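What follows is a group of structures, each given as structure tokens.
Note that chain A is present in both complexes that follow, paired respectively with chain B and with chain C.
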Partner chain A sequence: MTEETSAAEPRGISRRALLGGGLLGAAAVGAAGFGLGRATTGEASAGAATPGTFAFTGEHQAGIVTPAQDRLYLAAFDVTTNDRDDLVALLQRWTTIAARLTQGLAAGSYGPSSGPYDAPPDDTGEVADLPPAGLTITFGFGRSLFVTPDGTDRFGLADRLPDALVELPHFPADNLDPARCDGDLVVQACADDPQVAVHAIRNLSRAAFGAATIRWTQLGYGRTSSTSTAQRTPRNLFGFKDGTANLKAEDPAHVAEHVWVPAAAAAADSRDSAWLTGGSYLVARRIRMTIETWDRTSLREQEALVGRTKGEGAPLSGGTEFTEPDFAVTGRDDQPLVAMNSHVRLAHPTHNGGVRMLRRGYNFTDGNDALGRLDAGLFFLAFVTDPRTHYIPMQNTLSRDDGLMEYLQHTGSGLFAVPPGLPDGSLVVGEDGTPITTSASPFVGQALFA
Partner chain B sequence: MTEETSAAEPRGISRRALLGGGLLGAAAVGAAGFGLGRATTGEASAGAATPGTFAFTGEHQAGIVTPAQDRLYLAAFDVTTNDRDDLVALLQRWTTIAARLTQGLAAGSYGPSSGPYDAPPDDTGEVADLPPAGLTITFGFGRSLFVTPDGTDRFGLADRLPDALVELPHFPADNLDPARCDGDLVVQACADDPQVAVHAIRNLSRAAFGAATIRWTQLGYGRTSSTSTAQRTPRNLFGFKDGTANLKAEDPAHVAEHVWVPAAAAAADSRDSAWLTGGSYLVARRIRMTIETWDRTSLREQEALVGRTKGEGAPLSGGTEFTEPDFAVTGRDDQPLVAMNSHVRLAHPTHNGGVRMLRRGYNFTDGNDALGRLDAGLFFLAFVTDPRTHYIPMQNTLSRDDGLMEYLQHTGSGLFAVPPGLPDGSLVVGEDGTPITTSASPFVGQALFA
Partner chain C sequence: MSRTTVGALALAALVLPLAACVDNDPAAGASTAALTVSSTADACTVSSATAESGTLTFQVTNDGSDVTEFYLLGEDGLRVVSEVENIGPGITRDLVVQVRPGTYFTACKPGMVGDGIRAQFTVTDSGDDVGPSGDVAEQLTTAEAQYVAYVKDQVGALIAGTQEFAAAYKAGDDEQARALYAATRVHWERVEPVAESFGDLDPLTDAREADLEDGQTWSGWHYLEKDLWPPLAADNGGQEYVPLTDAERTKAADDLVGWTQDLVDQVNDPDFTFEAFQISNGAKELLDEVATGKVTGEEEIWSHTDLWDFQANVDGARVAYEVLADVVEAQDPDLAATLLERFAALDALLAEQGSVEAGFTPYDELTEQEVKALSTAVDALSEPLSELTAVVTGA
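Now for the complex of A and B:
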């Protein structure tokens, strides 16, 4: 990737130069991105769809409708303090660091070429020569931050718990590992270079010392959804195109309807959840695929279960990838060409009350199990306006009826409320253009604590 | 990466077109690469250093001096058959599939758009739209293939065991997990796209059904060595540049001396190991870093332990990254500027009898442990002419004296004999230009069975 081309002249923004000191004039942290412009990274994603730098601030957090980057590192955290001020300070630090990292800066201003030599550097350094690679960092809050399973209100937030931030029900065939579930906080880091995404989580985790520790993490590669019409439909580990009918950023009316939490949600809530207006809900499900079994099934069976052709991704009712499936058309013996238990039928909006999701999942491969089988599958991520209408009913249907379930196991799960973005220009910016954490620093999710 | 740009017009070789049938004229599988030329992939590695397709055949196997790709998936296998013919047939199938995959073809000719519909497709399909992304596949043999730890000669190969294919000694501070060690066979898949590397191992593993099963695997990202002068020196997870002094492909004399097994080695061996002439030895070590502890040490301490500056990577004796360290120069209190226990001093050829290695390692992050600490580090890979002279003495020194060892744990280990390449033009090629497995198919390592 970039390493090969940048020996002589790194393209895009190099953190190395920035680590040494302030090259940047003061600027708002917003659409203008530290005044660095939207430089491309030198990755192949030189098209407009994936510039190398995404603004950190905005009406919504980045990393949702942002064209899906190719790599993911997601971490769920347990908050280890019971002090509300410590929690706020953590979110302030995280906001500052995330703003810096996404703009191609080091986590803090003390870098490897600028002392003090007798302190650890502010940044762990392994991306010092790499461009931002489209990094976005997205924060969310789990139900347990508001009220623990035993009913404790640790931070005085219980009266701010949104009705929709439910405990997900046990779905048929769930096989969840508690060590891969839930969490008080979640951080989704997406980038086109895994080293950049891992670096972000590592440095945020480091900044959480004494306030929060990692509960579980998930690495993903090969995004399994497009979130922009400029992106090609990728394939999941079943070898099929995935996300053909996904919501796309270029369809703002449907995104507004199905992704963002409207003011009306707070008005209808039993508690004060206005802080979440303009935010979203993140559903995370680690779905292991029984790869070896799938690989021994016939092409006919695979296509019947999915309801699409494997090569083109066209619905079995005919046409090409983007042809709408015709669920009524029948073939031999009057059987529907798109089988009743096929995934495309059961997951289609017409069979789910018209609801749609913005999916943003990734393939994962976490080595192999003791029998030599791949521990691999799909890390499902979806952003929705309300999981009670937009995920739970559909997943109940799929878990019960989807023929694909024979080859799937849900092994991890999480639901998080994702607050809206930080307004452009709201971050305190220092002389070198970098945001500064103070006791009054604005932070993502601040309205929750107001 | 490529996904973003290829919606309208995939660059490089698309497997999708190839899966449908024979687009290719007959060609030798060699430097000409199926007549596909050396198309670039559309990745950022458009420079000459990493073309998108590497020849599978040649004097040496690809994936050794090949400019290090950015991603790794390596799998060690246990052979489950005791039948020598089954083992040979496996290696024939693997050779054919590897030749195909590296040239951008599917694992077999029955793809998702070409029946028979009542059989599983030959290829699992998830890279159908992706270019080869610089894929190389490199095969090796573990000591246990020749003689099991209890002395059994399962395949009649005991009299072919090279003297240098030893059991690695227990090094000071080793903390090896047997489930991450050894193996009868090893397959190293490197590519610029992890989906391509994982796909290769998956399809080879599938083809091993009934003959071998995966013993352990390792995913890597962010190569930690350059193997070409055209590549920039990357950084490891300590945040330091790694591999500045690595052997490079552009230095064939030193590569010949330190990487390839010479004919003289066989002449001196106690058994018949001529089959390995022109091959190499692969040392694999999974080195976990205690990241959190490292991140709390001062910059001064970090630099002293490494012996180089963190920003530039210059030796502490002065100069720039590629300046040779001066181990004699002293500073305050007559202490050497490059400390006696520093990594760069202890690992330097001048302190190791002049030996050098071709390192080809990767960073890894395998989630977190139960305490929330990153399970991350360096997956060390090196190709050497003889591990008895080129790895074991140095590792004994490092394990005993290197100050960095305080932050390192070796948790996995393997040593493999890597046979030479398959001569250009030696594969049987079918009408569509693809190699065909027959009972007489040539295969990597064939001389071992002659």
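Now for the complex of A and C:
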């Protein structure tokens, strides 16, 4: 495909500008944002009638504190090239495409149904008639990008490996499938329409051929966490509300403390990891639920294992959903109402050194197994400032002691460093005012390669 | 073992369901009336002082600031027809109970002390048939005694077998140890919910390698299993398996015997009891064990003797059901018939693969279709079996 935009007519302003006349207004807002440098951070820009767009640029990448969309498609990639310049070029292409797609534009300047007649369209086309659906695309780097398991430094990045980008330990009862683990790069696409999320990964994968290839992907639905106080708490496949105590975007002080990587982290690191300041770490765990046996469990046991009521989501110590659990309250025989091995007790910040996570998980159902049971569960996603303090200790506790583990099995795993966002106004745009890829195009994670 | 050290039994032990005749099947015909109860520090407000006989639902809300309980008491004010306990402030919990015509008392017990705040409650005759009226206390006591006797018998056989196994293993007679391994473990697997109720014993004696935390010391049956059926490096995460030394063998075998003796001692303690709801929960848990561990071949990953464990879990669940069968047949004859039929179907499928006495097909030699058929039979049995506790606690 070509990145030239020599034609007089603006191209690919918006799939909707061409195909969905009624939505023209919202689309124009999305497209106009680039030239001006978007000022909005994390707020949907569309009118009430259509799902909006979220700014691609900003201090942090979108898709973290962004109000969790309903659908997920996440892909981990293996980098197939050993050439650092090819890797950089891939990240430039990806950044441009992500900037375009998240604003409701086609992947390329021509769009799905224009351009040279003897060339394949530069966008695959399946979202041509769909609104942007709040699409966000978030990029991350796995440990193997810096140093392979056998110690090879493929891209001259080994001396930039953050100390916290560790290999996750074996947690009790882990049953990980290597084909669902790790990866050099990760792309999280979230949208309110699964077709929009899948379209994003499909077009990014297409742009990666020759430089990177998909290692594993995960579809998710029914977001299991709320990341904004404006969202009601959703339910996981156990039927319980999930993420009541999650960090919310409206709590910037705690988000700053528990989600973003501070400058102090780089100062304390053994290698130069300043490129990650303002970024985060993404923990991904595919947690299969044995829902068939769970469904045979009495309401008494279900609530006791979770530590909350199934309906309201109130802690068993009393109150309503957002009442803090009181772990000291006892009932018959002086036993605590919130059981010692209940999930809410073991996962609570007061039992984990005060650490909190920004969870952004989704339910999944990947068909069934050979025994006729649904291969379903929770695709756990969490953004944290340091997995060594904010994930590993808690997961060890949960895997060892959480009564729910009877019904859970971790089958996939990944840990990724998520760079900070691209500065507003930094994108290179073509004559039509939309992002294009040139050798000067900025890219997510650029400071790592500086 | 189960994936957690503190199983559902420990949780269930926090509460003590008493009497009531609960019909689990909403289509069973009894009328359902919704009553609300508000429990505060000084009031126990029931939305109506009368109801028609049948299945009643009391929706109990704790509007006070102390943990509360709600009781339906008999005409004498002493007999507990049914109750719901441990209701935290602000929480609502249902009490579903079958009630025959007569005079009763409702009682809230804020703070869980004293006689409670009582009011008379009258149940008029709806004309519907409301279950049997026999006193089941005696049946339950008999069931509990029978089950404890079964547990003692099994752990007696377990300690004898474990000693024999340990002696062979320590003496380096691996062939004899392998021959005794599965047949001895059968006695453990039959009563595993009891062992799980004793905290650390289960993880110490029955942990699988994958259950461990990084750096945690491994011990028990599966530690020895791996040594008796040493894996190839390819099946061992690429690592060459290093056999245990004589000293390690001796310690591991002695530890196993010691912990098993602990189990024997605890079961034979005069204070040891296992209540009816624990027996019925245990039956369900044994089937869960089959569904999550055995049917996937994860339990005996080196010896592939999963079918012994499978059969033993089913044996244990069947015995648990059988000691309760009189109660179930009186309360819910359809459920009793279904359970009998499905236990028989599962046992017949297992019999196609062998027996505890004659030995079973190694699990890795089963076809996919055979595994699927076993799994389907387990699911078919587990679903009705999950109703057992509500029937027993409602009896």
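Everything below uses one rule, namely that the second predicted complex is superposed on the first by the 398 of 450 C-alpha atoms of A that agree within 3 Å, B and C clash if a C-alpha of one lies under 4 Å from a C-alpha of the other, contacts with A are read in each partner's own complex, and residues count from 1 in each chain.
Going forward, a residue touches a chain if its C-beta (ideal position, glycine included) is under 8 Å from a C-beta of that chain, and two chains touch if they have at least 3 such contacts.
Small disclaimer: the values here were computed from a predicted structure and weren't measured.
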| item | value |
| --- | --- |
| Touching partner for A:E292 - first (chain B), second (chain C), both, neither | both |
| Partner, of chain C and chain B, that touches more residues belonging to chain A | B |
| Partner chain(s) touched by A:T309 [first = chain B, second = chain C, both, neither] | both |
| Partner chain(s) touched by A:P172 [first = chain B, second = chain C, both, neither] | second |
| Which of chain B and chain C A:G372 touches, first, second, both or neither | both |
| First (chain B), second (chain C), both or neither touched by A:D129 | first |
| Touched partner set for A:Q335, first chain B, second chain C, both or neither | second |
| First (chain B), second (chain C), both or neither touched by A:R300 | both |
| Which superposed partner A:M405 touches (first chain B, second chain C, both, neither) | second |
| Touched partner set for A:S317, first chain B, second chain C, both or neither | second |
| Residues on chain A lying within both footprints (that of chain B and that of chain C) | 292, 296-298, 300, 309, 311-312, 370-373 |
| Complex contact set, residues of chain C against chain A | 2-8, 10-12, 14-16, 62, 67, 69, 85-86, 88-93, 112, 210-214, 216, 284, 288, 291-292, 295-296, 298, 368, 371-372, 375-376, 379, 382-383, 385-386, 389-390 |
| Residues of chain A that touch chain C when the two form their complex | 169-175, 290, 292-293, 296-298, 300-301, 304-305, 309, 311-312, 314-320, 323, 329-333, 335, 337, 339-341, 370-373, 396, 399-403, 405-406, 408-409 |
| Contact set on chain B toward chain A in their complex | 1-7, 10, 16, 19-20, 41-47, 49-50, 67, 70, 73, 75, 78, 111-113, 115-121, 123-129, 179, 192-195, 198, 202, 205-206, 213-219, 221-223, 226, 229-232, 234-240, 291-292, 295-300, 302-303, 309-312, 363, 365-368, 370-374, 376 |
